[in-house]
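Quick one: structure below, then a few questions.
Chain nomenclature is as follows: A, B, C and D, assigned in order of appearance, with residue numbering initiated at 1 for each chain independently.
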Amino acid sequence: MIEVIFFGQLTDATGVSSIMVEEVANTDMLINLMKMRYPSLASSTYMVAVNNTMVTENAIIRPGSKVAFMPPFSGG
Amino acid sequence: MIEVIFFGQLTDATGVSSIMVEEVANTDMLINLMKMRYPSLASSTYMVAVNNTMVTENAIIRPGSKVAFMPPFSGG
Amino acid sequence: MDTNKIKNIFTEGPVEASFIADSIAKHATKTSIGGHSIFLGQVRADMMDDKQVQAIEYTSHVEMALETMSIIREDIFAKYELTCMHVHHSLGVIKAGEICLFVFTSSKHRKAAIDACSECVERIKAELPVWGKEIFEGEGYQWKINH
Amino acid sequence: MDTNKIKNIFTEGPVEASFIADSIAKHATKTSIGGHSIFLGQVRADMMDDKQVQAIEYTSHVEMALETMSIIREDIFAKYELTCMHVHHSLGVIKAGEICLFVFTSSKHRKAAIDACSECVERIKAELPVWGKEIFEGEGYQWKINH
């Protein structure tokens, strides 16, 4: 399983902060899956991190990974 | 009379922090007078302020003025 | 990443002035310090149209934020001659007028402390996965945007 | 110079952490503030040859310093969008580890507060007629030099 977590305004789009999904091979596939499940994600701005490391291109997701969908940061 | 005040390391050179002197016409004359009275002033670095205003050239000193001899600042 | 090195920076609720005072007072024994620089972020009661912000609720991807902060800390210690650096960021609901960020750098000479503090604040705002939800008086909210 | 505008910045003895905390806490009602920048100068126990500084004794041409500070304040308010600025400088004997300078600026956005604070500190060090006498452990002293 893969843990997918959503933050900030993305939780408005998804209605959840964390879900478990069946294994998917890579981040491109996971992103497509999430956009199908939560259509309003498509119009959102976000970055993706796998196991706390930001990914900018398609990246492999190993089983047991934690994948974060994060909107622009607004701390401080 | 004119009040002449010394600060910081200049008080080591003069041994006093404040003296009253008879009227002198301008700062050049006062500086010469002070150097005669306190010879180690000649080897000191200082700025002169008349009534809290820094003077960089020879300036008139009116009776009742306060003239400050000040070494480089070291606050903070 | 050596997790032993990872310090927590998050505290639930606002940073209190008394906490800041204690933090300052603790440095009195470090007599090689000549200058401290402190930045405090305070929640503003901004008006948006006719609604006023009464609080910001902060959430974070904590684990990732702490790893990122650990890297920022290493970078800043490598770049500036600092004696120490402390960072505290609030989570949860912080009311307008309360302090939500406390960055504190100390060094022998002022320039390193001042430059390191300001760089640390910029990096925290740009790089830490933290989000602010601006809660309006009455009802409604909007998501904070950093500039 | 309108003497009504001249604020005192000098306090006899060190700036206490509790005073800094009170000063911060007083700003909680100013909910247009988004960022505070604070600089603290602390007396260092420097070694000179084999002598250690145990304290600095500060003196000032107070009247002239306050007039100069008043001009610096006006310049900085004209240059930066500040909500407020507070400056406290110690006079008398300040021991190593104690705070001798407290500069505190606040503004809506952090950049004005940070830049104003740093500029204010530089101008205080360069322009205020204040002198520090570094008193050594045991006996002896030397006059402080600002860099």
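By definition in this document, a residue touches a chain if its C-beta (ideal position, glycine included) is under 8 Å from a C-beta of that chain, and two chains touch if they have at least 3 such contacts.
In this text the structure is predicted, and so the values were computed from the model without any measurement.
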Farthest-lying chain, centroid of Cα atoms versus that of chain D: A
Cα-centroid distance, chain A relative to chain B, in whole angstrom: 73
For chain B paired with chain C, centre-to-centre distance based on mean C-alpha positions, whole Å: 49
Rounded Å distance, chain A centre to chain C centre (Cα mean): 26
Residue list for chain A, restricted to those that touch at least two other chains: none
Where chain D touches two or more other chains at once, by residue number: 41, 121
Pairwise chain contacts, counting only pairs that touch as defined: A-C, B-D, C-D
Complex contact set, residues of chain C against chain A: 41, 58-61, 63-65, 67, 89, 100-101, 121, 124-133, 143-146
Chain C-facing residues of chain A, complex: 5, 7-9, 49, 52, 68, 70-76
Residue numbers on chain D that touch chain C, as the complex places them: 17-18, 20-22, 24-25, 27-45, 96-99, 106, 108-110, 114, 117-118, 121, 147
